[in-house]
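Below you'll find the structures, each written out as structure tokens.
Both complexes below contain chain A, partnered by chain B and then by chain C.
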Partner chain A sequence: MPLSEPRSWPHLLTRAMSLAAVATVLSACSASGLSQPAPPHGDARNTAAPGEVLNGGGTPVKGGTLKISMAADPLCLDPHSISSDTEQILGHLQFDNLTFLNADGSPGPWLATSWTISPDGRTYVFTLKKGVTFADGTPFNAQAVVANFAHMLDPNTRSPLAGPYIAPYASSTVIDDYTLQVNLKSAYSPFLNVLAQGWLGMESPKAIQESTPAQLCAHPVGSGPFTLTSYTPNVGASYARRADYDWGPPALGQTGAADLDGVDLSWIGQDPVRYNSLISGQYQLTGYLPPQNAAAVQANSQFVFEDVNRIGWPFTFDFNTSRAPLDDIKVRKAIVEGVDVNAIVQTSQFGQRGVARSYLDSVTEFYDPSVQLPAYNVQDANALLDGAGWASRNAAGFRTKNGQELDLKLPVSNATTVSPVYDLLQAQLKTLGVNLQVEVQPQTQVTTRRYAGDYDLLSGVWHTNTPDVLSIKYASSQIPNSAHLGQNLARLSDPTLDRVLQRSRETTDRTELASLYSQAQKQLVSDVPGLPVYQNTVLWAFDKKLHNVIVNTSHGTPLLTYAWLVP
Partner chain B sequence: MTTTAHLPAPRGVWLRSRLPRPGIVLAALFLLVVAVAAVVPGLLAAQDPLAIGTDPGFLPPFASTAHLLGTDQEGRDVLSRLAHGTAPSLVMGLGATGIAVIGGAVLGLLAGLGSRATEAVVMRVLDVVLAIPELLLALIVIALLGTGTEHALLAVGVATIPYYSRMVRAQTHVVRRSGYVEAATGLGIHQASVIWRHVLPNAIKPVLVLATIGVGTAIAVGASLSFLGLGAQPPAPEWGSMLAAGVQYISVDWMLVAIPAVVITLTVLSVTVLGQDLRRRAEGRTAR
Partner chain C sequence: MRAKLLAERIGWRMIAGVGVLWGAATAAFFTLHGTAGDAALSTVAGQGADPTQAVLDQVRRDYGLDLPLWRQYVDYLGQLLHGDLGESYQQRLPVAQAIEAQLGQTVQLAAGAIVIALVLAVGVGVLTAKRRRWVRATTTGVELLLASTPTFVIGLVLLIVFSIGLHLFPVSGQDGLRSLVLPTFTLALPVTAILSQVLRSELEDVLEQPFILTARARGMRDVAVRFRHALRHAAIQLVTMSGYIIGGLLGGTVITESLFNRQGIGQLMLVATTNKDIPLVVGVVIFCALVYVVVNLVVDILYTVIDPRVVTR
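So, the complex of A and B:
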């Protein structure tokens, strides 16, 4: 879709870089029973409640093309093949899921109208919705679901999220066209939740079968309210309404086709350009509002601004516990106590994000507010470092042990704007006598180092829709190696924690789950596998001409199925 | 003893004394300040350019005596970052031009004094390099070697070599046919000695004038590379990277963009003004 901009070198380069960045933004999926309400309105942030309808009411206007901007192109639109966070917004334009998260966070029906779970938690029998078709005319049925599971797990798909999320999947038995039995290798209580995530959207089995992975990336086919009409990598994509769509999530309380004629999407990597093009009316919605511009948008009565806290793992610096110096728990504890996270968050996030002092985002189900990392205490931190043998200092003021300086390497991708958080952390660690070396490198190099374990710190977020994020980030089976690109980047191996996390996947008993996840959080606070910094919130804004935007419970993103636009 | 060449311009024009024009005085004064900042940045700004204290970010200029040019997004002193960023920014200009002049002189002499075949090969290769835009060539070098100030410097230097080598070659052709070179050769002086003592000193002078102007361009290209995140790496202060960081916050505090932009512009402008003046003097034209 058209985005006329000058093709200067710097412009193309930055755009290319931001696109590459997007491709690597790792996000996790949807939420499981989100029992805890989002923080109320009235604090500095404007936090929408899950499932809330924004700028609702009024008589819907038919027609019009919605123009939206996103930060970066995942360079592939096949939801099973990517991990880009943008999928949570644009995926739901084109694809439908088996389940949909209700406002309370519990999994509700969508293309699966009902299900039963065997007592051992290993067998799910789904009843599927009838009359659903994909955009290429292929009917949706049990065979289609089987083909989708197979595609997610196919090594050729190289699925970074969808596949790993259904890793316990073993096989399927087609009972009839609209009844499917799914057999799991082991009990997996987050299963229904993850099925609601954008990356697990249902694709046309015909398109899957007839396309190469590259073709599917360029032109995937779904059953959603819009169909993809064009896609130009790094520029944008266009979607057109499907007039015969009539199978939206029942929880939305609306039926029929979309009101919008279509959606035009542009990738705009530069923060200031994305902000200014929203303000100037070129776009009616942006999925990624830069935090530095949040206050200005909030003060502008022409826009609706949302700042939604997400289920999952907060923005955290992973500590590489598998090599010196961070294999020493005293050094890890010293960093957690010696860094004034409040100051970092206040300066870098413009009051838009809350401080994280635990390894689970506060809106996640079974988050235990009583489990917190110790408070900021420089004296303690210095004492811990002295006790760990890093007592002497060199001429530069950095601590040394046996002549070796206390250096920490943090590889950072040059694909996006380097966050001020790194500078701020570096300055604070310097006062502790720790030399943080921020190494800005091409994304491919960072990825290689990430899986080879060549780092002391790495930073990131993981948003999903279940507290099972703790298994993804900290189970020892998730330590990455050449064969398995796991996400346990702290390389933490704690048998006690492993047992607790494994049990949490097996049980559906909520009392037991609460106790298990609380135990896991306590264990992590004593293991100190990282430095959590801020709550993982997503900032987005849209013009008030756009109505009926729904906050998707799964990831706090805007759901545009029944949005309508005043010309 | 070196035999001094008689360039086409009469002797004495090179350093002909003339009352300098105000623009040139201003440019020279500005460069003097820049030079002081490059050598002793502490004279102009006492604060640590990396220090993140308790001061708020986005302080406007002159709002606080502690921060004459305000603070950046992380509460760091802009004046200090500007002053401490001078040396890396200038090193880029001077270093890259140095590489270009040395590389250009070697290749230019090789082409100018070598056999016809050597000259053809060298010049055609340089033609190919010239066909690729400077910044693009620099990006290729960085793609091969990785980011960082040294690589950016090398990249810009290599990219501008052809301009200098073409001029050295042309000058060499003029000088090698001059009477004193023919005389030296006729006297039986070793060829290397003729090149080193007679050809090079006389062929290089106009190149030095060109280099003065080139320094300005190299500073600008270096700032462009840093702006793209390919030069100096954060949190090291450098003008181009300050500009890049400022752009992210342009809606919040436009001074973070304006200040480094104005300093880069004035520096490049001053160097160019002085370079042009030098050229006019060297060519014996009236400064106009």
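So, the complex of A and C:
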């Protein structure tokens, strides 16, 4: 899934420019608000654990409407047909899932109370919870689950995440109303994990059947603790409590309906505005705290500030290994060793994000801390580049080989504020004699180049809730071409890695999985398919009047099922 | 005789108007298809999305993006003749419906801006024409500054001063009249500056005319002379400027609406353009062209009312 930065279709070039300008002016106005950079380094940071209860304890107060702000409207609230990270919060307000991740990252029960998996890993038999209804009165049962799978996979839904995450799904057999057999085309051990994600919430089969895609976007129906009562695109949405709700995830250890009467959500695109409206008390929670304001909120005792590490693939520059010059592993290694990632992260992330030194975010299950890329070493980097034939330099100071300058093209979308990371990387590469050309272009063009392989570097994050993100990013079957799409943008083709990743989908044995994913991480560190920069985290904050906010085990976002508000 | 001439004039104008609409639709259609980037990919496979090939193929088929361009163009014109603007790729709604849903907000903003621009321009123009040098120099300077400052800078300055600094108005959104104030002024100020400049120079000519001298000789007060006699003559220029005003407003809403997080045609256009939502962009272009055509037609008719000598074609 998507970028952690608030990014959005609705905001364009002009807004991006203006926002950058606002931010600059504002920070100039109130320099004290920014304060000194906090000590960096991911592992040292104090970050909430998955499933942790924040501002807990006390006697819950019933009633009240929680006002929350988010960055950008995905212009659709049907979780199956969008990839926006808003669903990491909204998905679990309005919808329930078949599974819920335990704090250790393993899948646990929710609407599916138990399951069995066949030895070949291709047949799952789910026992479903009884007595669950959708907000429109439709009962939740095996047929409803089948309708949901069909909806996620229907090309007409245009699912960017939910459908692809259950791609190995083949068919279902309804054994009885509350027992469902799911048949997969191939073994897929992350299946139970992905079912817990916000984009895979269960929707009312009646609403699915009776709505056009646009209608479902405007008014999806779920079985969650809150129901959607109104939605004005780009402005906001309102949710009301369901009094008869009593089927929250067992892992939360709480039962019954929500304490809040409702949740009012506003989209606020401008960073300084979102920050100021939180501080002024207009909103009690923001799902997207701008990193530049993090230190100020952290220092403010009126708020709970969170900067939660996410499961998945860190913010990384993909190296296009399918064309020169990055098809040469020496050049790839030189970049990884010759760039001081610590300095880039320190400067660009305001001390809020830790450095990434491998191709998996550190909170991901089966992350192997012993697997690390080589440390910063300019001498080694220069020697590698000399050895790769890029020994001579031209008048501009860039390395050349056979009269060709060592240029790297990095297409970047102009749809969001352009990250300072690009400039910092450009400056560092220049000292190595590498000419990084940051090409700021319309999103459409960047997307087209991405799938056409017309780039040397690309940047991004991929948040999911399983280490299977390595298959999404690096299995050779995921290299996009004219016949199929995919996210292996390093275009890495390593048969050894393919075998390890394939085996990891076939087994659910956790000891074996740990060893397989460790092998995969080691293999990647030797392939050097990219430059990991920082750990993907999600920054959010809420007023201490809000209690009992739980850290979502899948996404690191606030889970508001049993939150309550002091008036 | 005069009615016949007028009817003929309007008839020709309407035929020309249809030509303008066709031209706008065609230019927009080919420009959008011609720009780099695959519309189907952009629709479903943006950053963070990992759709299957089946989804991509379906989108290409649904919107005829797999057909040769000339065929797509002919099909599109055929649709247009039936009054169908097509379906938005992103919103999956009929384009007409998508525009209709946003129109009210933009009309509200634009109407407010026109009123403010007219009141300010007339007030400033009338009161500063043929005044002492420093008065003229100061107003002309301010006008020049406002007219040459980009709309988003004006908006930001207003935001910083009146919203973030003085807390007088909300920063964004569209709850009630208060949230309309800053966007309306952002949109109105550059237009005001141009209009008051034009009006002043026009007034200065008029104030030299013998009939003004007559009015003064009758003992009329200066302010009355300016508003009752001079303004009426100078106002013809304002009518001529309506095309410019409408253009300024349509362009300005794109920036104003996104800066203040408002719904509206500008915001719609912006989103559609980034996502290469071709039918929606072409639809908004046709809509804007239609507004121009209608405004110009009305202006033409107004001329004949204000100044009968015009109908001599």
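The definition used in the following text is that the second predicted complex is superposed on the first by the 519 of 567 C-alpha atoms of A that agree within 3 Å, B and C clash if a C-alpha of one lies under 4 Å from a C-alpha of the other, contacts with A are read in each partner's own complex, and residues count from 1 in each chain.
Definition applied: contacts are C-beta pairs under 8 Å (C-beta built on N, C-alpha and C of every residue); 3 or more make two chains touch, one makes a residue touch a chain.
The structure displayed is predicted, hence computed values, not measured ones.
Which of chain B and chain C touches more residues of chain A: that partner is C. Of the two partner chains placed by superposition, A:Val304 touches none, neither chain B nor chain C.
When the two complexes are overlaid on their common chain A, residue A:Ser266 makes contact with chain C while staying clear of chain B. In the overlay built on the shared chain, the residue A:Pro290 is in contact with chain B alone; chain C does not reach it.
In the superposed pair of complexes, A:Asn276 makes contact with chain B and with chain C alike. In the superposition on chain A, A:Arg158 makes contact with chain C only, while chain B stays out of contact range. In the superposed pair of complexes, A:Val371 makes contact with neither chain B nor chain C.
Applying the stated contact rule after C-alpha superposition, one finds that A:Leu180 touches neither chain B nor chain C. After overlaying the two complexes on the shared chain, residue contacts for A:Pro233 are found with chain C alone; chain B is out of touch. Using the contact criterion defined above for the overlaid structures, shared-chain residue A:Ala142 touches neither chain B nor chain C, since it reaches no partner. When both complexes are aligned on chain A by C-alpha atoms, chain A residues 9-10, 13-14, 17, 270, 272, 276, 441-442 touch chain B in the first and chain C in the second.
Looking at the complex, you find that chain C touches chain A at residues 35-39, 41-59, 90-93, 152-153, 155-156, 159-160, 164, 171-174, 254-255, 258-259, 261-263, 267, 270-271, 273-276. The touching residues of chain B, when paired with chain A in their complex, are 50-52, 57, 73-75, 135-136, 139, 146-147, 224, 227-230, 233-235, 247-252. Chain A meets chain C in the complex at residues 1-3, 7, 9-15, 17-18, 21-22, 25-26, 29, 75, 83-85, 155-156, 158-161, 163-164, 167, 212-214, 217, 232-236, 266-270, 272-273, 276-277, 413, 415, 441-448, 451, 460, 462, 472, 483-487. Within the complex, the chain A residues that touch chain B are 9-10, 13-14, 17, 270-272, 275-276, 290, 292-293, 296, 347-348, 414, 417-418, 420, 422-424, 426-428, 438-442.
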